[in-house]
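Chain naming follows the written order as A, B, C and D, and within any one chain the residues start at number 1.
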Amino acid sequence: MASSFGERLRVSIYGESHGNGIGALIEGLPAGERIDTDTLMRFMERRQGGRNALSTARKEPDIPEFVSGVFEGRTTGFPVCIRIANTNTRSGDYNNLVLKPRPSHADYPAYVKWNGAADMRGGGHFSGRLTAPLCAAGGIAKQILSRHNIFAGAHLSSIGTVHDEVFPMLPEPSLFDAVAEKAFPVISDVQGERMQQEILAARQEGDSVGGTIECMILGLPAGLGDPMFDGIENRLARVLFGIPAVKALEFGDGFALSEMRGSQANDPYTVRDGKIITKTNRNGGILGGISTGMPLRFRVGIKPTPSISREQETVSLPDGEPTTIEIKGRHDPCIAQRAVPVIEAAAALCVLDLLLSDTEL
Amino acid sequence: MASSFGERLRVSIYGESHGNGIGALIEGLPAGERIDTDTLMRFMERRQGGRNALSTARKEPDIPEFVSGVFEGRTTGFPVCIRIANTNTRSGDYNNLVLKPRPSHADYPAYVKWNGAADMRGGGHFSGRLTAPLCAAGGIAKQILSRHNIFAGAHLSSIGTVHDEVFPMLPEPSLFDAVAEKAFPVISDVQGERMQQEILAARQEGDSVGGTIECMILGLPAGLGDPMFDGIENRLARVLFGIPAVKALEFGDGFALSEMRGSQANDPYTVRDGKIITKTNRNGGILGGISTGMPLRFRVGIKPTPSISREQETVSLPDGEPTTIEIKGRHDPCIAQRAVPVIEAAAALCVLDLLLSDTEL
Amino acid sequence: MASSFGERLRVSIYGESHGNGIGALIEGLPAGERIDTDTLMRFMERRQGGRNALSTARKEPDIPEFVSGVFEGRTTGFPVCIRIANTNTRSGDYNNLVLKPRPSHADYPAYVKWNGAADMRGGGHFSGRLTAPLCAAGGIAKQILSRHNIFAGAHLSSIGTVHDEVFPMLPEPSLFDAVAEKAFPVISDVQGERMQQEILAARQEGDSVGGTIECMILGLPAGLGDPMFDGIENRLARVLFGIPAVKALEFGDGFALSEMRGSQANDPYTVRDGKIITKTNRNGGILGGISTGMPLRFRVGIKPTPSISREQETVSLPDGEPTTIEIKGRHDPCIAQRAVPVIEAAAALCVLDLLLSDTEL
Amino acid sequence: MASSFGERLRVSIYGESHGNGIGALIEGLPAGERIDTDTLMRFMERRQGGRNALSTARKEPDIPEFVSGVFEGRTTGFPVCIRIANTNTRSGDYNNLVLKPRPSHADYPAYVKWNGAADMRGGGHFSGRLTAPLCAAGGIAKQILSRHNIFAGAHLSSIGTVHDEVFPMLPEPSLFDAVAEKAFPVISDVQGERMQQEILAARQEGDSVGGTIECMILGLPAGLGDPMFDGIENRLARVLFGIPAVKALEFGDGFALSEMRGSQANDPYTVRDGKIITKTNRNGGILGGISTGMPLRFRVGIKPTPSISREQETVSLPDGEPTTIEIKGRHDPCIAQRAVPVIEAAAALCVLDLLLSDTEL
């Protein structure tokens, strides 16, 4: 149903960029789990703009209010409704866009789908702002997972054609922490510096730029996931493509596998410390949709922010007269760096649902 | 639930490679739709092996029996159960594999998940053979869609590092027919010849090779799909990653978008013949998960067949002693060319479900 | 998923009796539908206590705030989040109950299920108060349905052993309006007076009493509903048993049919004004789960309020020592009369979902 | 999706009365469970006709073939496809019915819904014959549950106005076995004899008669089920109303509760053998949708077989001319006694799904 996902842990996202509020409804969270508010706020701040010249000028505190399902700092087992206020909306900036669909935004298909009834100010329900409640939900999932020694971490693996290092095959969770603490979430700060130059160059030209994010999940036992259409890949894919601007996804070596021979692509088994492992992890810890016990690994491709200040060709609605548009208002020259915790959040929610859906009598 | 997908059109796949039979249960097909058996058989033959030196020696007629839901050649509105016989199983070939997991097959995670109870002969429920009923279901969907002037077509876009041409931005449906009639489903036969050489070279070396497939859907109106987690990308992704060996997926220009500037990646609007279109289609006909009215376009990456005859390292189960394995029996040096109609089938089922799920009062 | 229902119209209820707020998330509402706030408030007031001596002393305005999905008084097509404040909580009244489960409340099974983590003050998520957001959602559904000439109406058909008249076979919608405007929602005011005496008598004895509600839906065309497990009966049943204290449900003549001969129970077909109808409607407008075009008709049985002030036997938790309990605080001697609009709300949501789920190409 | 139900254990029923076959697809069965074929056949025989003068002349062996998901007599964890042959169809008997809808059968609404495309010979997908695969699936569930000391049992509690004894509050599983072994599934054979006279009397008059069934489930721990719309009552209701002719359902004392005072209806807690129990079980082992640890108890009302040989009024389709119908062919004067194992099967599947859906980290 559109803005919801999950089997035993169901997450529904609601709200619009310029409406009364945004939030998430989380059904199926285990009961009695402590929510560390400070840790949650630090996690949510990672996706916020305004820390530097790379991001939008829109700054909002984004403090999640727990309307239900939390009592004295712990989950109760009942549905958790989270609400985040919209405090910094300046709809005037966007008013002129309503009848001139912005290229590569959802404006035009949304106009057709809902016959012009959708509240598309600031992107409406399609706005990147809706990733804030996703991070609130995912931040809680991360806390619960960490109590079971399962850790989700991500970094910005490229901006334009500039690439960060890749994660090692078997990273320590501390590497995730180290990246998370950086203002610019990369492994190599040298490469990070070059990436930031790319972003600033795009901005100076009234343009934007895309990037990729690599994510890993450590600590998952072997044997999780269901065959065919409810495998780990299927579940993650369904959620990840719900994050604005994600247009590509690969597991393990992904598209590179299609250029390999089987003898290169296959991950041989061996034993280390009494545990069956694979010597390589080109399949990203998933075979037949089921976890192998190796780290999960995937990469998403994020398109450039469609909002650019350069003049673009469009049409007027509903008559369809050719015209042009220059998008004013606040917009990021790149959103990939802000999407890093969002990817972690989505992965953590998927993995927690996977664990909760795994059944035994 | 694992081997099922779809909202108003629900497809469930059942069976094992060496069991009594395989098949599909399809719930929600519109009533009164004629099923052209000849067209369906021709479609299903496209995924069968044995037409040439590139494919497995296992040859089965794969004739779908309609156990229910079809009366006098038309759908009745009731669940359609399709059954395909397993006539050519030689389990002896695989017996030795049970306790030596084949690298990059699902053997090991399946062993852990089901405690050794799964019938993994020939890959069990994970076998590529399970794509036969998916094609039977998808072939029916294609027939229904074509009555509404909606067409799904695909071609093999690469084998190893050899690439076919790409589909034009606005192909004619006849191009899909032309590719479908070829023994090797490419646009450029010259490139197709080189691809086949790649496959034969891998085979001669007891190895295998991967590839990619490009797919398009023509004729979809603008405004279909739901926001966030039930967009067209999310729905397609969930199904496509259920096809064995698919490890990567991108919509429109996909990962290439992440290297572009917004001014390059954005698709400007214009009007042609009174219809609002985009001048380019880098977003693959989908914005915010919703169709733009332009052709849908995506590409999947398929890993090399994990079954290779070369010796590989593995462990014995359950004790985990290091050992080696040489996989005997019939296996394709490449499955990408056989996966082309499977991708079409999955796309057609998704799109038909999308149309059936689109609701108005 | 527990507190949600619906296929294309998904309603999720959240909140606890004494928490920060309660509400509903509604996904899939058609776009562009006007919400008449006055009508909605009047509908919601029908379930509120405090209008007379029959109801709880807890009086709350229960004004729904539209956090999302509504713009300038109309639905946008995006998820509608409704929030209702909890303004009148006096948790002190209930504190002593936590470790002494109240007989026939959910206290004990909830304690076991969530290991004592659930916030059960005032009944927590199980409280009858959670029917307020259900009424908010259902009130919107009623407005949309009425624009399609579909009307849901209900009356209190019995209290204890005192019975109201039954609805006529083909009522006018105005009868529903007439009942809705009464402080005590019955057809026969004479019987209503006797029912109220029953309630007051129970109250005076520190006791409570149960009742039944008859509900009808007019204007549904023939041919709606899906066979077997998604028929109209199945869909309604799933929602109706989610309303606190509902323990029985029958469609048409229900249990009375089991005492009839087929020749009495069958509804013969005839034609009136060119329309195929049945001469009787003992099957309640549903055959094989599918609507016949006759009015839908069902009846629910509601148990007496479990909260009574008389001393009752219970045990202490977690040790299980026998003890007694006298329930103080505000509680209704009967909730059946307040449940009448709740039943209408649930029915309206089910029927709207049914209409939205009905698919054609 | 119509003919499917279940969350982690998903059961889909397919087939038509006079089609190629009927069956069930079961997804999510635990792996490694032995299926005792003899026990399963004995269970399925309980719903078959032809054992005496009370039932239809249609006699079919109804032997379930396991097409998939079972290997060497045990479940594999993969989807289990069951197929049952239709061997005894005589469509000629029913041909004349197609354009004269039989009163209180699904013929007319099905005609409208599917525009005449549905294969309604013998009732099509609505036929009571479709309960055979439900029994096959439920019989497997019963075997698995019994390994966990959970037992589902039912008896015919009334025919017309003749009533059997009720189950004791805490029955032994052996009572279920004793009833199951009887040709006429009642507790009191004296009452059973009178019930059979009722059925025969109806038959002699070319008529039919209805009945009720009481069902209990023993051994369920406290704390199972989800609040609001996924409670045990909701889950059972959704499945039970999918069984043909079921028109009423009550849990515990059901409708009788609505005539009681709270002081009568409430179940006081006490302790026996160190276990918290209730002294009465008027709520049927369920409070707030969650199990209390007491036996589950419910009762369904089954309408008289709509097929009677007496002349009935109907209309011709599609023109709607008034006419009459006399239903020839084989039909039972009562189906309630044959529905007893079907109710057990449905309950067992629901309860097994409930156990599999109960999640803990």
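Keep this in mind: a contact is a pair of C-beta atoms (placed from the backbone, for glycine too) under 8 Å apart; a residue touches a chain by one contact, two chains touch by 3 or more.
What you see is a predicted model; the values in this text were computed from it and never measured.
Asks: According to the touch definition, list the chains common to the neighbour sets of chain B and chain C.
Replies: Correct list: A, D.
Asks: If you average the Cα atoms of chain B and of chain D to get two centres, how far apart are those centres in Å?
Replies: The answer is 39 Å.
Asks: Per the centroid of Cα atoms for each chain, what is the distance between chain A and chain B, given in Å?
Replies: From the centre of chain A to the centre of chain B is 27 Å.
Asks: Once you find the CA centre of chain A and the CA centre of chain D, what distance in Å lies between them?
Replies: Centres of chain A and chain D (C-alpha means) sit 46 Å apart.
Asks: Multi-chain contacts in chain D: which residues touch at least two other chains?
Replies: 1-4, 8, 13, 28, 78, 113, 125, 227
Asks: Name the shape of the chain contact graph, picking from line, ring, star, complete and other.
Replies: Chain contacts: complete, every pair touches.
Asks: For the complex, which residues does chain D have touching chain C?
Replies: Within the complex, chain D touches chain C at residues 1-5, 13, 101, 103-106, 108-110, 112-113, 125-126, 130, 158, 160-161, 202, 205, 207-212, 221-231, 233-235, 237-242, 244, 247-255, 257-271, 274, 276, 278-279, 282-284, 287-293, 301-308, 310, 312-315, 320-322, 336.
Asks: Give the list of chain A residues in touch with chain C in this complex.
Replies: Checking each residue of chain A against chain C gives 1-4, 6, 8, 10, 12-16, 19-23, 25, 27-28, 31-32, 65-69, 71, 74-81, 83, 113-115, 117-119, 124-125.
Asks: Hey, which residues of chain C end up touching chain B in the complex?
Replies: Touching chain B from chain C are residues 7-8, 28, 30, 78, 144, 148, 227, 355-357, 359-361.
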